[in-house]
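Structure in structure tokens, see below.
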């Protein structure tokens, strides 16, 4: 209508100029990126010669970070969809115990045990979601109930069936199983052998394995973590469903009125979170060979912490999977770094708390700049 | 017949060491024809445990078998229970002297500090001068006492050699590796039970120190037994939890039925399990051993 | 216009109770394609509740809804949207933290194919959003801007142009002009006029008699959960309409003191 | 009226930036006791932002505010309220889960003494609330009802009658009539007229020229964060005002097709 | 205006009639009341002869409930003000440890140790609140950080000072202290003596205390619980400040615009929560005589559960102290009752989860009826 519409959409006198560089910086992941740089700088300066950055040391914190990443991806998407899940930790214990019961006590082939476990756990995730969506209760409460219920079952089942709360022998049962290898093995063993022969990474010089490379492959856990991060990131930012996730978390009422199937989105995200927890659990039992009733305690908090450090909003509708992955990396590096740096270990929790606080304050300020809140 | 006993422990829900005790009291209950219940504070909070003892006393059993994880906290409820006519046997943690002060019938168990001390002395004889204690439940005083005893047995300061490892196996494993790579001259490792021993075994295997470093542990389990057999673990301290669960039930039943009771306290441990004396142990590790 | 074609929506004897509150006590209205049907009435008369039963947000407690002659039973807004009923609610349907273009296409995301995968087409979405907003007289700084940073009227405009863009058979607007400036209001009224001419049925709720008279073909007045009847354009003067909207209560005293300016 | 007394609020060269957005680029306005000052302008012109700096919600980025001749520096709305500035915000200040009477007295709770203790006087609060609402033409079912169950217009009425009840020196109303029915609008305009006559300064934001002309003494038009100037009543015709409000853009095409009904 | 205003405000044709009885029932506490009746009926039927309703048994679950009540009152007011505090459990451990360090290790008089502990803990509460208010971060994250920080300090301090994680001897140190008696003693001993003499309650029949009544007084913990409940209830429903608490939780922005000092209200509520946690801690150390690093684990969840069972809304702005107290009672009775009723103890958590879920679903439906949401 008229020439008014031509009024310079590109040049607006009401907007201060921002350099493209600064604009490129302003993204939800920024907090995570800054944090990662800070953390690495810190440990490179203060713990460089502690073995933290030897090939073995790198593998050490990578594995811990990968663990956090696996559950953080699920927690991140769920949090963006506006809910969270306190039953992740209990789900980890429960899933591990199911695999052990099916695969060891009941003697099923490992692939069957794993598949049935996935089916059961994802169904429980769906149940969680269904209750939340159906009753409109806060997910805090519903999943808190499941935290207790699943942990109770994880203690009760093996106790009744096997008369103990640790079931071992899973590694033997999984020997040669095709699906088990997807969770428990290592890849690229040959590459590391070659690197060791070429003198690029160290070899053991004492003990039973003298002569072997100190790092003999990349654990499947790390592969899973990277795969889940890529999947989550593409889903969230590049698909229609990703837009629905943001919408469901941002304002469920508005999203529903606009035709987004909010209930379906939320239930699917609960299922995905349960899936990630199960991946975590199965990688763990495959590596350690046993399932215990105390596995996964407090993991729900660690997942939430990683996600929040990574810049997501606890109230939903805002966040990024890459950020969550960086949050997990920061969390893992800090945790292991403190041990490499020989910090009094009972102070570990104090540091954890302080870093968490610092990271979220940094993030909030970054988000405020993005949305121009102030 | 049909006497009712309650066993109260201080362990959190998922502590697998207590399985043996649960199995032992089930067996003893069956053999003696009595009913034995197991109770514990879900998070291991000793103040909650005191409430459970009070509750157990109020439910009017014939006897209570309890640990004495914190003398200060538990003395009053135990005294009250004794005063209201319930017989009490102290098991696992505590000392015979404390048991007597509270008016309990007897004490069956292994004083934690003494066990640690004995282990420390043994290690000192083997020429150890520095160690790492992997504590998976740092907030539980009884476990820290084991580390303290070990340090005292070696005659060194505990200092920062006690590692707060948490209970996640991957984290325990990687923290142990991180500690060892930051302190490569550590001579010995002490773990406090299967929860910390199993991942530590993997850690040592992965960083190549398995068999090289002096490794001792408390309590037994599948993996620990394998470790002792293969020589990675020098010794395991067996405090024979089976006896700690089984004997109080048997003693108490016989006391109630025939008025007989041993004149002394029973020290169920410490017994050192080494590669030489593993046979039955292997079969029943984690279940009755 | 209207009565010689078949109605696209027939609502008969609609009742809606919220707990102990009777919001609608049997309201019947027909909507015809190509007409602008104005819904008028006092605050709390039940207008929003009425159109929410039409757009699948509320399930009526009683009564019957026929859509294109068939009984319809929407269980959620998505059903209504795919049947061709687009609604701009009084309390907006925008997500403050999401960008304008993500909001614009919410529920109707454009997709681009990459082999077997389908991805959200951000480039297209941004372009369309900027264009549509400019057409309504709002120059966005960027389609990536979060909706939360827009003024109330700007948000309202996004909601309206979204509903119009995804051209439906029935367009429901609940007080769309209440927060709008003069220019934006003119644009909205012009838009209503345009889509009506394309054969879309428009349901238009307003408190402003002049806005209603400008575009309305038929006028239904609600009062305390009941309808006071429907009038055709030309059958009723603005003054009569105004009187009806006020629920037939005495306005003389006020009108005198303010000179008929309301 | 107005210019021969001293202004109660003088705002000069107010600027407000949100991040990279310049919402106000130097706006100067004086408010006099006993006058109704209308603030008009396009969507996003910065009206809400401007009155928020006046009521202590935002701290201006630049510029100066004088209240009764003294430089004022409100750090929070509470300061403004106790200085005598009552505001009805565009996005309401009501708590949905709380009862109407608790909302009505929020921040101004009536108290009853019991010895040394002071308690909230619920009986009194309920009575006053019912009375005030009835005076605005809304019959509440009960003062205990949660605000969340009221219709949009009903809530707006609670907010306005609350501001009026706690009679201040300055009453700021941000688009108070946008969601209101005809009768309620008439009541609000009559109320503005009444409090103005009692010597209260009223700042009235609206998009409706007729409402503005009905009660306004002076008219300030904002456009894109700047003021286009202030006019006295009688110095300007509704048509001129309408033109200014639309930001001086061409409305001819529209006006023709709609017949000047906007 | 005119006669229209007379239009029958008392008789509205748009409101269905509700009987006054039903109307009286519809209140936030209703869920708690129904739950309490249900729970007592259940245990009276199934555990009557287990000793649960003997004088000793009653004292047992009363004390446990009173414990929950003390922290639930604080958590309830804080939750209504729109925030919550995950550091309650760690605060309990920390406060107890402080008293022990000041009173035993450093040998201060007990009243001084208690007062300084209160001062420190309430200050930490204020710090919590200040960070939440200042940064606008969700309290979940801020108090989660303090959960770790305080627990870490609770382990670190005694470890460094005393080389152990448990400090005993507090009872001896508190002997005869006037302030200590306010937390540790028992009242109405004479009454119980008299009741025992009258044969209304049992006496010990052997041991050192033979002849004394089995219940020899009401512990100060119960007195504190009742006092806090009355205080909280009056504050919330009968005062101006109570209205502010509701307003701050319901919509902080709106409350602030209406002149409610939201920041002050929230910070005060954080301080009150810390105060309640400290009361809990001090009653505990006075009764048991020692402070341990494991005290209070997971108590934050228990407080939140009690409050939510009692009908408060997790998102703030709605709830009742009486409801929270009933929630604590239900929680305490169920927990101890399950032991009395001889339920397999590993199933305890499963029950807890199921009851929690059932209680909140009941409550939500009641609230929906009140607000007429559907």
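Order of writing sets the labels: A, B, C, D and E. Residues in every chain begin at 1.
Quick note on the criterion: a residue touches a chain if its C-beta (ideal position, glycine included) is under 8 Å from a C-beta of that chain, and two chains touch if they have at least 3 such contacts.
Because the structure is a prediction, the values reported are computed rather than measured.
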Type of subunit C:subunit D copy interface by residue overlap (half), same or different: same
From subunit C, the most remote chain by mean C-alpha position: B
Farthest chain (mean CA position) relative to subunit A: D
Which of A-B and D-E has more C-beta contact pairs: A-B
Gap in Å, rounded to a whole number, between the CA centres of subunit E and subunit B: 34
Subunit B and subunit C, separation of their C-alpha mean positions in angstrom: 72
Subunit C and subunit D, separation of their C-alpha mean positions in angstrom: 27
Distance from subunit D to subunit A - Cα centre to Cα centre, in angstrom: 49
Numbers and ranges of subunit E residues touching at least 2 other chains: 1, 4, 15, 151, 155, 346, 348-349, 371-373
Residue list for subunit B, restricted to those that touch at least two other chains: 13, 138, 164
Where subunit C touches two or more other chains, by residue: 18, 21, 137, 141, 149, 187, 249
Subunit D - residues contacting subunit E, complex: 55, 57, 76-78, 81-82, 87, 89, 92-98, 102, 105-109, 111, 118-120, 130, 134-135, 137, 139-141, 146, 148-149, 187
Residues of subunit E that touch subunit D when the two form their complex: 1, 4-5, 7-9, 12, 15, 237-240, 242-244, 246-247, 250-251, 253-261, 313, 317-318, 370-373
Interfacial residue positions of subunit D with respect to subunit C in the complex: 18, 21, 41-45, 48, 90-91, 137-138, 141, 149-154, 156-157, 175, 178-187, 189-190, 193, 207-211, 213-215, 242, 245-247, 249, 251, 254-255, 257-259, 261-262
In the complex, subunit B residues that touch subunit E: 13, 37-40, 42-47, 50-52, 54-60, 70-73, 75-76, 79-80, 82-85, 103, 138-141, 144-145, 148, 158, 164
Complex interface listing, subunit A residues touching subunit E: 131, 135-138, 140-142, 144-149, 151-153, 155-156, 159, 301, 304-305, 308, 314-315, 344, 346-354, 356-357, 360-361, 364
